[in-house]
Amino acid sequence: MVEAPQTDEGWFALHDFRTVDWDAWRDAPERERRRAIEEGISYLDSHEAVEDADAGTSAVFSVLGHKADFMVVHFRPTLDDISRAERQFEQTALAEFTEQPTSYVSVTEVSGYVSDDYFEGNKEDIDTGLLRYIEGKLQPDIPDDTYVSFYPMSKRRGEEHNWYDLSFDERRELMSVHGDTGRKYAGKIKQVIASSVGFEEFEWGVTLFGDDPTDIKDIVYEMRFDEVSAKYGEFGEFYVGRRFPPSDLGAFLDG
Amino acid sequence: MVEAPQTDEGWFALHDFRTVDWDAWRDAPERERRRAIEEGISYLDSHEAVEDADAGTSAVFSVLGHKADFMVVHFRPTLDDISRAERQFEQTALAEFTEQPTSYVSVTEVSGYVSDDYFEGNKEDIDTGLLRYIEGKLQPDIPDDTYVSFYPMSKRRGEEHNWYDLSFDERRELMSVHGDTGRKYAGKIKQVIASSVGFEEFEWGVTLFGDDPTDIKDIVYEMRFDEVSAKYGEFGEFYVGRRFPPSDLGAFLDG
Amino acid sequence: MVEAPQTDEGWFALHDFRTVDWDAWRDAPERERRRAIEEGISYLDSHEAVEDADAGTSAVFSVLGHKADFMVVHFRPTLDDISRAERQFEQTALAEFTEQPTSYVSVTEVSGYVSDDYFEGNKEDIDTGLLRYIEGKLQPDIPDDTYVSFYPMSKRRGEEHNWYDLSFDERRELMSVHGDTGRKYAGKIKQVIASSVGFEEFEWGVTLFGDDPTDIKDIVYEMRFDEVSAKYGEFGEFYVGRRFPPSDLGAFLDG
Amino acid sequence: MVEAPQTDEGWFALHDFRTVDWDAWRDAPERERRRAIEEGISYLDSHEAVEDADAGTSAVFSVLGHKADFMVVHFRPTLDDISRAERQFEQTALAEFTEQPTSYVSVTEVSGYVSDDYFEGNKEDIDTGLLRYIEGKLQPDIPDDTYVSFYPMSKRRGEEHNWYDLSFDERRELMSVHGDTGRKYAGKIKQVIASSVGFEEFEWGVTLFGDDPTDIKDIVYEMRFDEVSAKYGEFGEFYVGRRFPPSDLGAFLDG
Amino acid sequence: MVEAPQTDEGWFALHDFRTVDWDAWRDAPERERRRAIEEGISYLDSHEAVEDADAGTSAVFSVLGHKADFMVVHFRPTLDDISRAERQFEQTALAEFTEQPTSYVSVTEVSGYVSDDYFEGNKEDIDTGLLRYIEGKLQPDIPDDTYVSFYPMSKRRGEEHNWYDLSFDERRELMSVHGDTGRKYAGKIKQVIASSVGFEEFEWGVTLFGDDPTDIKDIVYEMRFDEVSAKYGEFGEFYVGRRFPPSDLGAFLDG
């Protein structure tokens, strides 16, 4: 009997992708564009300031290519919070110029692969450094002024290579080696991992942040050679973009 | 020769997913919005009260992300009942603001994996507790005020791992272990399983209900390590949302 | 060298799926709706009466869910007949309220798996019972007032399990067992099998008819355990619906 | 080291599929319809007469089902010729009533599997019968008044069965047996094979012509039992239709 | 433990695909068409002259078939540069007549498979010929007046054949043989390889340039027999077209 890892969950996440209807934008009267920008900035400002919930964090990113034009990321304590954030966007004049080609719902998670102590031990005995590390995973910050890459990921259940058929110890070992690769990028890349099991077809959403987009390429490429990715990783679409402050929304929309 | 399990069927199910045309909604005159809300509430109320058929149950849920905005679930005694429920929605003023990106047709089912007694024995000798359990599977309640996850599922017919090539006893044993995992979530998660063989590309529709969305994540994740899912499960898209009373439709649409 | 089965062909088939633009329907003036219904009934009546060709049969079915709203099925002696039937529908006022999300072109077929006598023997010596059976396969009736399920199907050419790599005798044996399963449903389910090789990506279109939709579920499920389906069957989308007389078109469109 | 076959190339091919916007067509004033038909006929006539290039051939075919309504096929000496043919269609009033759901770009090809003599020997020593055969492959005629089936095809690169990993001699032998099957249909079916490697996701486009659509079904089915198709063939969507003279365009559009 | 190759990165690349709304184009007043052409030429001229960034190169190509009508390719030093190039296009009057069906984001890359000396040695000791070769890979020219083929590519991670599970030496050897095939086309085909790991679902974008489109077909076909492609290559959609000078934009749009 194969053992599932223990998990602890933190904030829920919504990655809300939007395309801009550039034709409508170009054709709109100046007054309507100004109102869309004002309401857009107001929405983004109040959500970055987390005025809509008890805790959390939000940010907006431009996205390259046809898949989307921008992405708003919300981390919030409850599923209801992110549901409301999504619907409130639709009430803004900015929404009128956008469509939502895709989105991703997930919940931040730490698992027993990462730390036996956290799950096995007495919570009061846990090292405060570890606790702060776990807290950073479950209630993540969004770094300032930087590039982002988002992608969904599952573990393969192939006829030969089946992650869910490995023993807990095999899985932990593979994850540990993977973590070593990640640590080589300490100071360059920050990542948020959130489970979407039960919410999306893929099992996790991964959000990478870095000041140099080639570091994003490098870490994903190097990790693909780790056995856990090489044999057991299934990846979906990738989205790359750059954070911008809400006050730059007008400049973003004007090219 | 491989033996198919015996089955008994209950109510038919329609999972009717709808997206809202938020641009049209924002632009509509107050009078039209009010009429859409009134007709929407009236439709939902009368279907939750099952005024359209002899028996059954219905409920409406918000849905997160781009896949849909809300989902109406109908359980009814006949395929004609759910067909009519679907077409009657189209006659409401609310429908004008929606599209139907997807849907799911199925029929609740219990199978010989679950209970030999029910299928083999004399119906009059069956334990009333078992009878009530079976009846709850075939004529399911929809729990109040709670989160929902819906997803389609098939059993794999891979070149190496082929569910339909296993003996009945092997399948029953795998299902039994799977049931044990499910029972760990008793009191937290209720599920409705309905067969869509002959109606949809996937073979079953699964609807999970729970008061905590992380329980939904946990049960799906833990079950994925059961051999029946790890080696033989094929999953489609997942949809997550929250039940709301029809009277909240206006609040839902206004964000 | 692997031997292809002999085949004989009968009528061509078009499964013409249509969605209704319900928004346009609700908004259309009564006069336009009446005209659409009249022209729709006239088209369906004249095609059910086969006024457009020398022989054949046609019927219309409601379809559940988002995949389509109704399906018109035409069996006709020639490919030109079904091509014309398709284009003539587009000339009706009803077509204005519909789109064609999908369709299926095929030709009824009997093969050497079914009957050596028919293909090997002297046609004059063939048993008249068999001849009538074959004729029923090649020039099928559409049963009255009943449920329908349509799905496309191919035989797997996997790296391990490859139908097209089996000997003729192996294939005939597997088909024969499959036929035994089918015969258990005699009196409950009628089926029409038509080849779409060279016309569609899938290789056959299967149309099932029955008075109880759970019989449709049961036969497809039970057959999936037959080796021919378990190891060699590839299935596409399934469509389920119910026949209605053309005169009910107005009632159908009004929910 | 695996050896690629030698190839020689002839004319480029564009299979230009078009759907008709039947709603717009029905609603258009008679004058606009007449103009669309006139410009459509003029385009088709001048392209069938190859007034746009030094050499080549073109034809128009009705297509059954939802995938397209008609297909224009152009064979021309250069890629620029078929690019211009595509864009010139967009300048006609007929184009206004159409969309282009799909298309296929390829170049006619003969390969070393077919004839060593042609590639190995001195060109001057080649048998004139063979030369004419090759020329017919590279500069194909389009037969009059007949049915057509088009489909894209690739050779499988599976983990076990990998065409590109076979020796040249194995491939030539498999192709030779395949050719024998084709020759059984001499006089019934003509085919044009054109490579789309570097132009399309699939590797070849196959166009079959025949006076009886069941012959098209039969040849594709029988060939699927050839080892080259059974183990190494990957097929895309199939399109079936019938040639019509440009002068019948109006009748075609009027059902 | 499998070793990832060292890499060095150069310019970022955007392949920006556009379809033309031919109906809108035909219907637009001459004045609007002229303005669209003027602004389109101005955009293309200034980007080919790299007035928008410190360095780089851009070009526009017609594209055959339904996948796109034209493609603008930008190579620029930073991800921000190509993001701005994409959004600036949307501000032109030409954009009003286009949609963006697809796109590709990547960064030019050389890897340790190609040259140990470059990555291992002292940079000052590197042969100037090699340095110039590397520079040509990282800061590529776009050749004049020629055909183009673009396609995305990944390395297979199959259950049996898994590129990411091979040793570095095995991979280098396979790449070296592949390079030999490429060198046979020296003078005929130029290629730009750019990594999209972390940016796109596929891992690399390949852009081929040549004066004869059959050379494009030939090199892709011949390379498919190289073990690295035959066993380990996964290819996406292919796009083929031809470069044109911005001043020909009007002629291009007028067919």
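We just call them A, B, C, D and E in the order they show up, numbering each chain from 1.
The criterion applied here is as follows: a contact is a pair of C-beta atoms (placed from the backbone, for glycine too) under 8 Å apart; a residue touches a chain by one contact, two chains touch by 3 or more.
Everything numeric in this text was worked out from a predicted model, so none of it was measured.
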| item | value |
| --- | --- |
| Shared interface partners, meaning chains that touch subunit B and subunit D | C |
| Chain copies touching (subunit A, subunit E) - same or different residues, decided at half shared | different |
| Rigid-body rotation angle, subunit B and subunit A, from Cα fit (steps of 5°) | 70 |
| Gap in Å, rounded to a whole number, between the CA centres of subunit E and subunit B | 46 |
| Separation of subunit C from subunit D, taking each centre as the mean of its C-alpha atoms, in whole Å | 29 |
| Sites on subunit B at which at least two other chains make contact | 159-160 |
| Chain ring listed from subunit C, with subunit D in second place | C, D, E, A, B |
| In the complex, subunit D residues that touch subunit C | 20, 22-23, 25-27, 62, 64-67, 147, 149, 151, 158-161, 177, 208, 213-214, 216-222, 224-227, 229-231, 233, 235-238, 240-242, 252, 254-255 |
| In the complex, subunit D residues that touch subunit E | 1-4, 7, 9, 12, 14, 17, 79-80, 82-84, 86-88, 90-91, 95-96, 100-105, 107, 157, 159-160, 162, 164-165, 195-201, 203 |
